[in-house]
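Notes for the one structure printed next.
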Amino acid sequence: MSTKPLVLQTQGLTKTFGGLMALSNVNMTLHEGEILGVIGPNGAGKTTFINVVTALYPPSSGKIEFLGRDVSVSHPHRMGRIGLARTFQVVRPFRNLSVLENVAVGAMFGAGGAKRSASEAFGRAEQVLTRVGMKDKISADASRLTIPDLKRLELARALAMDPKVLLLDEVMAGLHTAEIDRAVELLKQIHADGISLLVVEHVMKAIKALSHRIMVLDFGKKIADDAPDVVLNDPNVIAAYLGQRYMQRQHEKAG
Amino acid sequence: MNSIQFAQTLVNGIILGGVLSLVALGFSIVWGIMHVVNLAHGAFIVLGSYITYTLYTSLGIDPFLGLPLTMITLFVVGYATERWIIHWVIRAPLMAKFFITFGIGMLLENLILQVWKADVRSVTTPYSGASLAIGGVNIPLVKLAALALSILMVIVFHLFLTRTRQGNAIRSTGMDLDAARLTGVKVAPIYALTFGLSTMLAGAAGSLVSMTTSFTPDAGARYTVYAFLVSVLGGLGNVPAVLAGGMIIALIQVFVGFYAPALKDAVSFVLLVVLLLLRPQGLFGKPFTSGKAE
Amino acid sequence: MTRGDKILYIVCGLLFAAMALLPLFGASGFLLRTITLALMYAVMALAWNFIGGYTGYSAFGNVAFFGIGATVTGVMMTKMRWDFAPAVLLGGVICSLLSFLIGPALLRLRGHYFAVATLGIANAAREIVAGWDDVTGGGIGLNLPLNTDKDFYTFIYYIFLALTILSAVITYFISRNKLGFGWLAIRENEEGAKALGIDATLYKTLAWVLACFIVGITGGIYAYYNTAISPEAIFNPLYSTTPILITLLGGTGTVVGPILGAMILLPLSTWLLFNFPGIQPALLGIIIILTIIFLPRGLYEYLSGRRKLTLAALLKNPRDNQA
C-alpha cells in the first residue's frame, strides 16, 4: 500500500494479564507519514496495545521495532527519548505546574530534549502552545483546566517532545462537534509536519477524516487492517464493532 | 533452649501476640479504610492505660470492669478527634495527614503528662501475682485473661465489620469512596465512627496492657511502632491478617529475644523493610485498595 | 520568577548576611546555640525537600542517615583517630552509598508504603547500631574528643551557616534546570513523567542520594558538636519529623520555604519552651495541627504574593480537604 519505510512495527505481539489474553498475536505496521486509525469495541485491547508499544508493560511475547531497532525490551522513558510520544486516555497532567511548565517538561526530555537547555525548552513550549491554540492559558495551573483543554495539553506535551511517531489514545473523547473539527484540523497539520500518527478513537467522524488505513481490534485480536472504506464495510467489523453499537442504538430507540 | 524453655517462650509469644494484635487492630483499620496513618495511635493506648489506672486507684473499679468504661471514653475522644480535627484534612496529601496525627499525638501525650505526671505507673490488683503452672510452664492469669479478651475483641470486631450494616458501610468506604457515596453511604459520619472504633480498640489495648506492664506518658511511640510492624506484616484493614501479623511479630520478638535480646527489634524492622519491598500488601492481605496507597 | 520571589530571595540573603556577622558582634552563647540548631534543621529541611518536596516521595526516616553519619564520624574520630573533616565526609559518603544501594528498590514503593519503609529503615539502623557493641559502643554510644578551643561553637555555627547557604544555592540551581523539572514531573504524575522521557528511577535515586548525603554530613557535624552520641539521641525520630514540619510550614518544593520555616519554627519552639515550659509540646502540637489545616501549602505562597493572606483565604483552605 505504502512504499514509504516502516517507522513502527509489531510482530506477533501478545500480552496476557494472569489468564486474560489482552493482546493476541497482533501484527501492526506504521509507515513514515502515515495516519493509522485503530478502532474496536471497549475492552478490545487498544489502550493495552499502546501501553505495550510504549514499554509501559513488557510484552508477553512478540516483537516491537521502532525505526528499525528492536525495542521489545525497553522502558517508557527510553521510548520517549528515541521519538515515540503518546497521550493517555485518562489524562495525566502535572496539576500543580503551569500549562507552560507542563509542556516545557516534554520539550526538555523528549527526542528533542538532549539538545535543549531548560530555558530553551520554555521557548519551544511556547511555540507548541501557540500552535495548539492555548497561548492564552500559558500561565494557568493545569489543575484549573477543563477536560478539552487537558486533552489539548496532553497533545501539546507530546508534540513538544519532537516525536517521529505520535500515539493518540482517545484525544477526542468528550469533545463536542466543533471541537472535534478543530482537533481533526490540528492533527492534519501535525501530520503535515512529518509526524506519523497512530490514532485510537471512538469518534467515527474523526477516524474517517484522518485515517489512511484502519486497524480493528476485537478481544485482543486484529480482525481487519485495510483502507477505511474497505474496513468499515467489512461484515466482521460491523458485527464486532459497528454492529454492537448499532444494535445498542436500536435497542435504546426501542426502549 | 530445652523443651520447657521452648514451651515457656512459645506461651509468652502467644500472649504477646494476642495483645499486639489488639494494639495494631485499630491502627490497621484506620489506615486501610481512611488512608490515615495514625501516629497518635500509641498515645490513645496510653490514655486508655491511665484511665483504667485512675478508675482503679481513685474509684476502686476493678480493671476488668473498668475496661468497658475506658473503651467508651476512648470512643468518644476518638470520634470527636476525627470530627473536629482529622475531618478537615481527610483529602489532603499524605504528609499532611501524617503530621496532623503527629500533632494530635504530641498534644495528647503532653496532656497525659500534665494530668498524671511523669511517674511510672502500673495497675496492681490483689490477684495480679496469680499464675497457672502446667508442666513447668508458668502462665500469669492476668496475661491469660488479657490474651482471651484481646482475641475475643478481634473476633467480635471482625464479625462487626463483615456481618453488620455499619460494618459493611465502613468496609465499602475503604474500598471505593466514590462508589460508597453513590450507594448512599454518608462518608463523614462513617469516618468518625471508624476512627472512634479504632481509638476504642486502642483504649481496650491500653487497659489490658496496664494490668501486665508498667507505663509512662511517653510509652505511646513504641506502641505505634508495633502497630506499624503488625499492620504492614499482616495487611491493611483485614482483621484476621492483623491477628496473624501480631502473632508472627510476637514470636519473632520472644524467640530472637531468647538468643539475642539486642537484635529482636532489628530483626523485626529488617523483616518489615524486606517484606515491603517484596510484598507491599502484607503477608495475608489482598491488595485492599486496588493499587492505591493514598 | 515573580517579584515576590525576588523579595524573598533578598530577605534570605539579608538573613544570611546578618547571621554571618552575628558572632562578630559578640552574640551570646545561648543565641548562637539557638541559631546553630535552627541552621542544622534548615540544612536537613533543604535535604528532605529534594526527595519529599520536589520529587514527592514521603521519606519519613531521614534520621537513619543522621544517625549513621554521626556514628561513622564518632567511630572514625575515636577509634581511628581521624580528623573531623575526613570523618564527616566519610560519614556522608557511606550514607550516599547505602542510600544508593537501597534506593532503586525502595523507590518502587509509593505513598504510605514508601514512608513506612523509610521508617522501618530508620528503626532497623538504630537497632543495628545499638546492637553492634564492639564498634559503636552499643546502647551507651561514644564520646568524641572534646574540643576545648574557645571558638569551637562559633566554628560549628559557621559550618552550619555555610552548609545552609550551599544547600539553598544547590536547590536554586536544580530547581531551574532539567533535574528540578524532572523531579516535579515525577511528583505530579510519575507515569506521565516517564512517557515524556524522564528516567524516573534515576531521577528519584538522585534526589534520595543527595538528601541522604546531606543528612549524613549533618549528623557527623552534630556528633562532633555534641561530643556524646548514644543511639537513643542520634536516632531520635524528631530528626526525621522536624525537618519535614519545617518544610511543610515554609512551603514544600520551594527554595526559600525550608529556610524560612526553620527560622520561624525553631525560635518559636525555643521561645515556647522558656515561657511555657510544661506545656510546650502541647502548644507545638496545636501549632502543627493549625498549620496543616489552614496552611496546607505552607507560608511560601502567601509570602511570595501568589495568594493574598486574608482570613477568608485561610478559612477556605480546609474546605477543600474535608470528607
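So that you can tell them apart, the chains are marked A, B and C in the order they are listed, and the count of residues begins at 1 in each.
Please note the rule applied: a contact is a pair of C-beta atoms (placed from the backbone, for glycine too) under 8 Å apart; a residue touches a chain by one contact, two chains touch by 3 or more.
This structure is a prediction, so every number in the text was calculated from the model and none was measured.
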Touch-based graph of the chains, sorted into line, ring, star, complete or other: line
Nearest-to-centre chain - CA centroid comparison: C
Centre-of-Cα separation between subunit B and subunit A, whole angstrom: 49
Mean-CA-position distance for subunit C and subunit A (Å): 43
Centroid distance [mean C-alpha coordinates] between subunit C and subunit B, Å: 31
Sequence positions of subunit A contacting 2 or more other chains: none
Residue ranges of subunit B in contact with subunit C within the complex: 31, 35, 37, 85, 87-96, 98-100, 102-111, 113-114, 187-188, 191, 221, 225, 228, 232, 260, 262-263, 265-266, 269-270, 272-273, 276-277, 280, 293-294
Residues of subunit C defined as touching subunit A within the complex: 176-178, 181-182, 184-185, 188-189, 191-200
Complex contact set, residues of subunit C against subunit B: 52, 58, 60, 105-106, 108-113, 115-117, 119-121, 123-124, 127-128, 130-131, 133, 138, 237, 241, 244-245, 248, 252, 278-282, 284-289, 292-293, 296, 318, 320-323
Parts of subunit A lying in touch with subunit C, wherever the complex brings them together: 54, 56, 75-78, 80-81, 85-86, 88, 92-97, 101, 104-106, 108-111, 113, 117-118, 121, 157-158, 161
